[in-house]
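Worksheet: one structure, shown below.
Think of it as A, B, C and D in the order they're written, each chain with its own count starting at 1.
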Amino acid sequence: MIVVMKVGTPTPEIDRLTGEFKDWGLEPEKIVGSYKVVIGLVGDTASLNPERIEELSPWVESVLRVEAPFKRASREYRQNESTVIAVPTPNGEVRFGETEAIVTIAGPCSVENEASIVEVAHRVKAAGAQFLRGGAYKPRTSPYAFQGHGESGLDLLEAAREATGLGIITEVMDSEDIPKIAEVADILQVGARNMQNFSLLKKIGAQPKPVFLKRGMAATIEDWLMAAEYILAAGNPNVILCERGIRTFDRRYTRNTLDLSAIPVLRSLTHLPIAIDPSHGCGWSSLVPPMAKAAIAAGADSLMIEVHPNPAKALSDGPQSLTPDAFDTLMAELAPFAELCGRSAKATQPV
Amino acid sequence: MIVVMKVGTPTPEIDRLTGEFKDWGLEPEKIVGSYKVVIGLVGDTASLNPERIEELSPWVESVLRVEAPFKRASREYRQNESTVIAVPTPNGEVRFGETEAIVTIAGPCSVENEASIVEVAHRVKAAGAQFLRGGAYKPRTSPYAFQGHGESGLDLLEAAREATGLGIITEVMDSEDIPKIAEVADILQVGARNMQNFSLLKKIGAQPKPVFLKRGMAATIEDWLMAAEYILAAGNPNVILCERGIRTFDRRYTRNTLDLSAIPVLRSLTHLPIAIDPSHGCGWSSLVPPMAKAAIAAGADSLMIEVHPNPAKALSDGPQSLTPDAFDTLMAELAPFAELCGRSAKATQPV
Amino acid sequence: MIVVMKVGTPTPEIDRLTGEFKDWGLEPEKIVGSYKVVIGLVGDTASLNPERIEELSPWVESVLRVEAPFKRASREYRQNESTVIAVPTPNGEVRFGETEAIVTIAGPCSVENEASIVEVAHRVKAAGAQFLRGGAYKPRTSPYAFQGHGESGLDLLEAAREATGLGIITEVMDSEDIPKIAEVADILQVGARNMQNFSLLKKIGAQPKPVFLKRGMAATIEDWLMAAEYILAAGNPNVILCERGIRTFDRRYTRNTLDLSAIPVLRSLTHLPIAIDPSHGCGWSSLVPPMAKAAIAAGADSLMIEVHPNPAKALSDGPQSLTPDAFDTLMAELAPFAELCGRSAKATQPV
Amino acid sequence: MIVVMKVGTPTPEIDRLTGEFKDWGLEPEKIVGSYKVVIGLVGDTASLNPERIEELSPWVESVLRVEAPFKRASREYRQNESTVIAVPTPNGEVRFGETEAIVTIAGPCSVENEASIVEVAHRVKAAGAQFLRGGAYKPRTSPYAFQGHGESGLDLLEAAREATGLGIITEVMDSEDIPKIAEVADILQVGARNMQNFSLLKKIGAQPKPVFLKRGMAATIEDWLMAAEYILAAGNPNVILCERGIRTFDRRYTRNTLDLSAIPVLRSLTHLPIAIDPSHGCGWSSLVPPMAKAAIAAGADSLMIEVHPNPAKALSDGPQSLTPDAFDTLMAELAPFAELCGRSAKATQPV
């Protein structure tokens, strides 16, 4: 943290500030220039609020944070080694991480009925997915829209898990539901709209299942990593970050703007695995294949893709869902990209 | 809802669609042009998802919503009459609404200690505020920042209420806390980061205290009214909408961009009262006075303003807080604007 | 400018950098902390590119600009005194500035025909406007839309000027047209889409007529002041800054988001006069009156308002234009706001 | 175009409107529902302004554009066949288009001196680039920053062209410069800041050299295609669209947000070739390789990449430039992606 003082700040004021910083347990260092004085703060500044410092004295011109505000989420925290999250599923352990094969998560936006979810599960498994997604509790813009089947939706996911051995990922909208969701799900999802629901983050961080943390629609990379930091700080080290499109000025041909540059940016900042959801990110199924390929090329560790047996009849998000046939085709098209990136199952798994 | 069919759609396909719409309880009407066919849908289309219709047939070119998706929040729902929310406080009933005097809510970002909150309460009451704000539970970007005093903070708010008779407004971050917060608070706040925490909206809509609903950082006017709709649909008709700045590309000199045009836009769309929070909206105390005046001039019903006895020592949001003296000055400056707009206590209250 | 070095930077590298900065004519000062070394740069750093410094050495962690990059546009450049731009018009000198009465500019989006422009000019003059706006050259999104009457439109503006004595302001889209436009116009406008047309800025800065510089749709406050800096650096000190709405994620009920907080922000940064265009800023005539009042309350020096005798027949921007009758009403409503702010003609003019 | 009338619109008003539309040469068709009346407009509606229609009658509820406003740029205009732009260069014809090999354009942001530009040209040619980029006229945010060498910079580009046979692409900032730039350049670039400089678009559309049209920072896909439409309408059919990052709320770790979904979106809307500039799009050289791969995977036809012999000493945009060695590595890494996409020189060129 760098504190820049205004031209003409009286020396006693600088000494007063320096003393205050020492009281806070920091090590202030003063640089006296011919025009300006700057105070460098070293020590544990991650939890400091720059604005609080600005208000310490009317002579403070600005306070500049040099260090990132996240700690446990930072790449440095793990000495530049990336995290691999190993998730046990009936079909065996699935590993998410920079050094692993790409993990594919597929399934419908909402769980609708047993026949449908089991059918989709079989199809996406056959195409190569390791996880089934499906919402039992659905965040919907309108209170009049289908809100998900709730608890009975969880039973349907369990049936699909039993039928196929796929791991299950589903969204938690209310911390009260964590225990029953955690009985069925192998990974708990926090949706974009709850990315800064800090009560939920704390509680989901206090349970042991891995967390799939979607980026908020207007969340900066830093906001997002700070949300992950809430979960990590609560004791759960297994967070997968999922980019799903940000809100921009152009929403005519895509629902959101899929920010693929988040992949290399996150890679340099954090050790956590990185997933991409091109279905929500674009909002139209025709855009999913090119963006899924691009996500792999840019270095994603995992893809989440919506698949519905009959998108036209889907109770939610039909336009962005692929049919099982289209998903088969996509998986076949993605395979050589994964291989080229050294991220195919073959390329990464030990003999 | 207007369904535009592609050029060359076969008649049987149009008939099939028309039949499907009838099954849904709608009244489809077909317009046959020389190039195109359009189907108009009348009836209860507010809960229809345009995207679901688009997927009904590959021959659908586009679906255009003509009606707003919100119902109970719409101005039409109350035959164009605006809602007045009368809130009982120890000092008497305070009324929020288009036809009432401007209601001022003031106080610190966080409740810090009894002496401080009681002092601020006395000062803002003396300056003319009717409500005291103060966070017991604080949404903070960082898990390492001060998170509020929680339950004991509520006791401090109660002490301030008893000492001054001011109404209390404070934020609910977790639905579990609603009962104890509702014991102390006269109005419950939903913060910007929870605007689409639909579980919380449903539960806060199921209790009787009025709700102060802040706009999400990236929420469109429509998203925001749909969030209000969740509360209204759950049975609570008393929602006050509060604009507090949206996130844009320029964050160098303001934290957010305060969208004052939301005032006349909301006025034309909804019957609910409209508040402005220039403190969060701008992020710097020097910008609060001009924007508070502008908010009144643009037609706001209520202002929420941060006041702290010693902003430099505030545990959160110091830079945007006014001192009590600055708040005195501001209230004196605002009075003639309120009077000019016919919104001063004198001008609007009965003898 | 503050240059923060990475932990462990070798001393010779720091000395090398320090030497390089001295070669650039700067005065580098080194602060050595227990963890980090920081180099403060004093001297003329306004034209330095922080990124260029970052690339000077792999040991540079970050470069932080402390000073604003604009000079001539900064408030400090005029020792905190604001600029008053006095524009001669047939009806007498009109003065734009913080210490002056509010100047109103009104008229149609495009100049359409002589009868119409002269009629509007008479009407807006009678209502109290000092300047007539009207586009002869029109920036239109579509090449198929009406592009303005061009040179013959200038003749119509001249006719209106002669008939009413109002000053004329009109947009320059091509630097080739400057001479003929400058013959008729008292103020030359640079439109939002040309705010970073640097060739145009240089050429318009090299002629003597005052310039009305609209903010670009995605221009930060800093981009905008740097655009003004181009004009000032080319020799023309008379620039009026006009906010006309920025592009955000919500475009459903307003065309743009009018950023009124730009008024107090600019006031603290620059000495230049500040205008607001609520017509383009909102895009709908019903929003113009509340936002015009708010603009005055927030401290604007000038308002630009679209008025058309028959908005429904306007060749461009009809929906945001007021009728002359509505403009009469608005001007009557604005007068007490201007008076309250000490900005009415009475309040500010000398005896 | 669909015109939706308000509930209760009197029949004569509808007839009046219908008549007016006929006068405009359109074919209005009326649909009468039990609640609402809708008028469908068929015929040449591309040049119609929806807002103008809204103002035709107070009974119009809304006007919905069904067709895209661009014509010549639309895919339909060429019966769904994509455009191939063949550009003659000293080394032979280079072809941009969906059915062709990927074209690589590389070089420094600014042309600095002959030795440097010729060296870079040799290096990028050796690595496989077909075009040399380099700015002689530079759009810079600050008037105090290096503005490019101008005309003498063109001579340097010519020298590099002669030395290597590479095609030349360089930016036009002022229409006055078109003739002299066109003498040297094989493709003329319109920069992001001039994307809606309509005077420049018209003049550049009136000359025969192909145009490289960068997307404006806040330009929607539609704005951008309408800018292309200006050039096409002026008679020049050879426009290459280049995405170079849009402005969003997060600018901490990338300068802009590179919108790769623009590739499949444009492919469905237009027949014009699509290029991606990951250097400007991200702003940091470390992000260029992953995003360049992603661009190919998403279907780009061309890449523009900044290469500078010594980025730390670059007069502009150093941080986003690759060294020639890094560019060699990148080209080698990109080759298998191009091959996988059927876009390598081998794969696409005839025997």
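Assorted remarks:
FYI, a residue touches a chain if its C-beta (ideal position, glycine included) is under 8 Å from a C-beta of that chain, and two chains touch if they have at least 3 such contacts.
Bear in mind that the values here come from a model prediction, so they are computed numbers and not experimental data.
In summary, the pair chain A and chain D forms a contact in which both copies contribute largely the same residue numbers, shared numbers making up over half of all those used.
By number of C-beta pairs in contact, A-B leads when A-B and B-D are compared. Separating the CA-averaged centres of chain A and chain B is a span of 28 Å. Chain A and chain D have CA centres that are 32 Å apart. Inter-chain spacing, taken between the CA centroids of chain B and chain D, is 40 Å. For chain A, residues touching at least two other chains, in rising order: 218, 247-249.
Those residues of chain C that touch chain A in the shared complex are 2, 4, 27, 29-36, 38, 40, 42, 61-62, 64, 66, 218, 247-249, 251. Residues 218, 220-222, 246, 248-250, 252-254, 257-261, 263-265, 268-269, 281-282, 286-287, 290-291, 293-299, 336-337, 340 of chain C are the ones touching chain B in the complex. Touching chain B in their complex are the following residues of chain A: 46-47, 49, 51-52, 54-57, 69, 71, 139-145, 147, 173-176, 193-194, 196-200, 202, 216-218, 223, 226, 229-230, 233-234, 247, 311-314, 316-319.
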